[in-house]
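Down below is the structure, laid out as structure tokens.
The first chain written gets the first letter, and so on, giving A, B, C and D; residue counts start at 1 in each chain.
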Amino acid sequence: MSEDEFLRLPQQVTLEYRFAAGKYASHFFTTLKNEGRLLARRCPSGHVLLPPRPVCGLCNLETSEWVEVGPNASLGGFTVVYIPFTDPMTGEGRPVPYGFGLIRFDGCDTNVYHLIDETDPLKLRIGLPVEPVWRDQADRTGSFADIRHFKPIYT
Amino acid sequence: MTEPQLIFDQKIDLPYTYTIGKVQRTFLRGLAEGKLFASTDGARKFIPARPFAPDGSRLPETVEVEARGTVVASTRAGHLGGKVFALISIAGCDGAMLHLLEEPLEPGTPVEAVWEPDAEPGILALRAFRRAS
Amino acid sequence: MARAVAAVATGQTDYAIRKDVGIPELIREAIDRCLDSRDLTLKDVDAFILGNMEMFEGINMVEHWLADAIGIGGKPLWKLNNGGTVGSSTAAAAYYLASAGFHNRILCVGFEKQSEGSPQSSITTVADPIWERSIMAGAIGNFAAMTSVYVNESGVTPEQAAKVAVKARRNACKNPHAQLKMPDITVEQVLESKMLAYPVRMLDFCPSSDGACAVLFSTEDDAKSLSPNPAWVHAAVTAHDQQYMGDSPKRLAEMRSLIEARKRGYAYAGIEDPIRDIDVAEIYEPATYAELAMYECLAFCEKGGGGRHIDSGIPEMDGALPVNPSGGVLSANAVGATALARVAEAAMQVMGEAGEHQIPNVKTALATGYGGNAWTDLLVLRAEKP
Amino acid sequence: MPLDAFIVGIGETRHAPQRDDVNTTEIAWEAVRAAIEDAGVELNEIEAAITASQDFWEGRTISSMAVNEIAGATFKAESKTASDGTLALVYAATRIAVGFDTLMIVLAHCKESQADAHTVEMSAFDPYVQRLLDPDETVLAGMQAQLLDISLDDRARVVAAARRRSPILEPLDAASVASSPETSAPLRQLERAPLMDGAVALVICNAAHAKRLGRPAVRVAGASTATDSYWSDRDLRSAGTVQPAVAAALADAGWADLPDRVELSAPYAHQALLWGRALGASGPAAFEDGGLCATGGWLGGRPGVVTGLSAVAQCARELREGSVADGRAIAHGTTGLLGQSHHFVCVEAAG
């Protein structure tokens, strides 16, 4: 079968969604935007969970209270990405290389993935302290992308 | 002060490239040349051409058929700007083909294909069906 | 009483980028190979379970569109989607549905045509739209960040990870269906391959393939009539983790779902010492570092001993507990098919139908599925009827 | 070996056109929380969960990732049927029947307000030869209605009956249904079930556990599912696999005949009448006297993926209250364009 025998038809599939952030995310992002504070949920067994959520899977109990975490954090895991990657939400490619990793906010039991402002992997290590670098107030959208990235604190 | 219920408007916008198998390559390329090909097991003929009949049996070959048939059903899709969709059965062939009409037609009305000049292979190489002249 | 259930026939396509066939032809290749091996046709199948990730090909209710390609004719048609574990989830569902007698002969079909979509972008749609999706870096970025935790805790070296890649692509030479057959691959070649996301290099990671796998399950005497030595299911266990991708602190270093599934699965199947009690394992390793971590979570070796385990030669084709004689996921990966291919390969080993990569006299075979948010399916297949 | 699982807990959200106050995890938790409270069990006791959701409606690949924590499946088993809630119940019931699990959650959830129905439906059309024409299910329903000899008046009466019986939707009279704007000729806009957000959860267990819990239990006695050819290879006037599927469900339950209480799920009025006719109902009267859809069914306001399990929950509630004459009911769900698959679950008062 030579190459031109084949027939491959391109087709763009565009699906529009309006996601309700819900009770916990709305409260988190409203507080973050208005007061610059990061809120996690704690369950009766003391697990501090971010993102905040109705039920803690570790003990199968409803989370019971808000607790402030961060803003400083440490690396729960890290990498530097070298392969281009098109973000399906924006359709743009993210320039490479870029640091990316698991961010553990002080006081939190879980990590969240985010971008790291470092492209030399040998400088990064588990537990390295990092701090959030915010987008300007004007171009915040009320999502985790309001934090531009995390900057390592090399002491 | 009740807190705002945040809404995240997002889209999933993904490019796909569908690989077309043997009998349907002939079918879709045929449309671009103003021809209608059915797939067949030597006995039954199916439109649109497809590799397997509804009972799973193979339809490995293709055979050209006349681009004429009858309307099974048609509907003006007011909620989609008035486009007229129809299910068309082609003379001598099993199966039925979803396509467009220039205007709604009663079930059983004889129709013929209207070809899109110098079109790329694909279902849109056939512009629509119209009442047979 | 619960009926005994066995895998009685398998069929796989060659995993590759397939520009010659559409999705219906692709799944029928695997289905026909499976049914032909027992002189059966679609008419002999009572029910179908299909598995893939719909957004990888962008087709909603894809099983309903494929109904004609499998000649459904009014029969039961199930559709599962559990991410990477979907293939093994179809096998687990077949086990329970057949064991309860709700269906008898069940054909599981896992498939993916990854060349038709853009896998790295569609995998991002796995992420939670509110919390994770705007920050995702594709499967490789996420996986590499997890890998750093495991490397930090276990001290495994890139060379030890590279040995897994060498074992996989050499074993693949003995598997007609594998995509990456590399007879002369060396550790150096792996260490020099392009860095994708530190420390994961090109040859450390699984390929993206088009492919399909079909496994026919049946029960009791019917299973015996269909296969000279059926691969009886002794355990089909699933374990999930918490909801978000960053929830598990140790990630790979302590894959909670695999450890939980291993404990329950081994107890259920009466496995005490895996090296002694398991003759071959087909595990779902998306990357070399994952296989090393999975040795530990599966208790093939002590915690932190993944690197020493590959050094020991135990997981080699001629070792005490061969892992992925088929070449594994590192040699072929069409997500919807991949975890079911692990079950198929385990069944082929038990049935003595693995051809060139057959391990001698296999009595007990292990198969795992990995996917979702570090989820695990674990199945134990045996020559002996439960 | 017939299914032998007991429904001991029922939890259902108050379905609404647009629940902007909750995300998928939270709406599913509303149902699960109500179900475990009703069953008198703790989330920690749940051994496994089988869920039902569709990725294209949820806008997420592996859409069950949002719910396995609230379904009590952390470090336990969860599997997702990507079709209808009735199949999640059947799969769960088989794990109970073989004795592998004793206490499980079955969950179906969908937020139809999040998605664009046209593109979600268009994505279910044949990608090679149909999709580029940009159709949706309403187009097919229009063609089907054109072929069926079911009058607009009868169709409008079915919708009015559903709305009158619905605990959540505003009542509508037949005249206003018949005069609503035309969508795909001859269909009117109000002939189609509205898009809804909601979730349904059931707690199921084996006989011993049901006795121990002492809750009013309903027994899952049998079930069936049957899939027809793809929509364009079918006679659109036919009720497809409705009759063979219901016959198979009755056989699986060991029931000689169809019970009086049938809860049907149909997204269009003409399909309710077509499928109702296949179940022995002669016309709109069966809907007006509640025989076929006591609380309006899908047309009474249920999200598509949830409608089958909601039908089971409705029958289970009535059986518990003893308001079903012969103590037997059969619930129906459907998936695929123009009802390509039909699913039936037989439930009976556990006595």
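Throughout what follows, contacts are C-beta pairs under 8 Å (C-beta built on N, C-alpha and C of every residue); 3 or more make two chains touch, one makes a residue touch a chain.
If you're wondering where the values come from, they're calculated on a predicted model, not measured in any experiment.
Chemist: Counting C-beta pairs in contact, does A-D beat A-C or the other way around?
Modeler: Between the two chain pairs, A-C has more contacting C-beta pairs.
Chemist: Indicate the whole-number Å distance between the mean C-alpha point of chain B and the mean C-alpha point of chain C.
Modeler: 37
Chemist: Round to the nearest whole Å and give the separation of the Cα centres of chain A and chain C.
Modeler: Result: the chain centres lie 29 Å from each other.
Chemist: Can you work out the whole-Å distance between the CA centroids of chain A and chain B?
Modeler: Computed from C-alpha means, the inter-chain centre distance equals 44 Å.
Chemist: Give me the residues of chain D that touch two or more other chains.
Modeler: Residue numbers touching two or more other chains: 20-21, 23, 25, 56, 59, 69, 74-75, 120, 123, 125, 127-128, 132, 229-230, 233.
Chemist: Among the residues of chain A, pick out those that touch two or more other chains and give their numbers.
Modeler: Residue numbers touching two or more other chains: 6, 8-9, 11, 13-22, 25, 53, 57-58, 88-89, 143.
Chemist: Which parts of chain B, given as residue numbers and ranges, touch two or more other chains?
Modeler: Only 5, 7-8, 10, 12, 14-20, 24, 28, 50, 54, 122 qualify.
Chemist: Taking the touch definition from the header, please name the shape of the chain graph: line, ring, star, complete or other.
Modeler: Graph shape here is complete: every pair of chains touches.
Chemist: Give the list of chain C residues in touch with chain A in this complex.
Modeler: 19-20, 58, 118, 120-122, 124-125, 128-138, 140-142, 144-149, 152, 194-200, 241-247, 249, 251
Chemist: Enumerate the contact residues on chain A facing chain B in the complex.
Modeler: Residues of chain A touching chain B: 5-21, 25-27, 29-30, 88-89, 91, 142-143.
Chemist: Across the complex, what residues on chain D touch chain B?
Modeler: It is residues 20-21, 59, 118, 125, 127-130, 132-136, 138-139, 142-144, 146-147, 181-186, 189, 229-230, 232-233, 236 of chain D that touch chain B.
Chemist: Using the touch rule from the top, collect the residues of chain D that touch chain A in their complex.
Modeler: The touching residues are 19-23, 25-26, 29, 33, 42-44, 46, 56, 59, 69-70, 72, 74-75, 111, 113-116, 119-120, 123, 127-128, 131-132.
Chemist: Where on chain B is chain D touching in the complex?
Modeler: Within the complex, chain B contacts chain D at residues 5, 7, 10, 12, 16, 18, 20, 24, 27-28, 48, 50, 54, 72-80, 83, 85-87, 95-100, 104, 107, 122-124.
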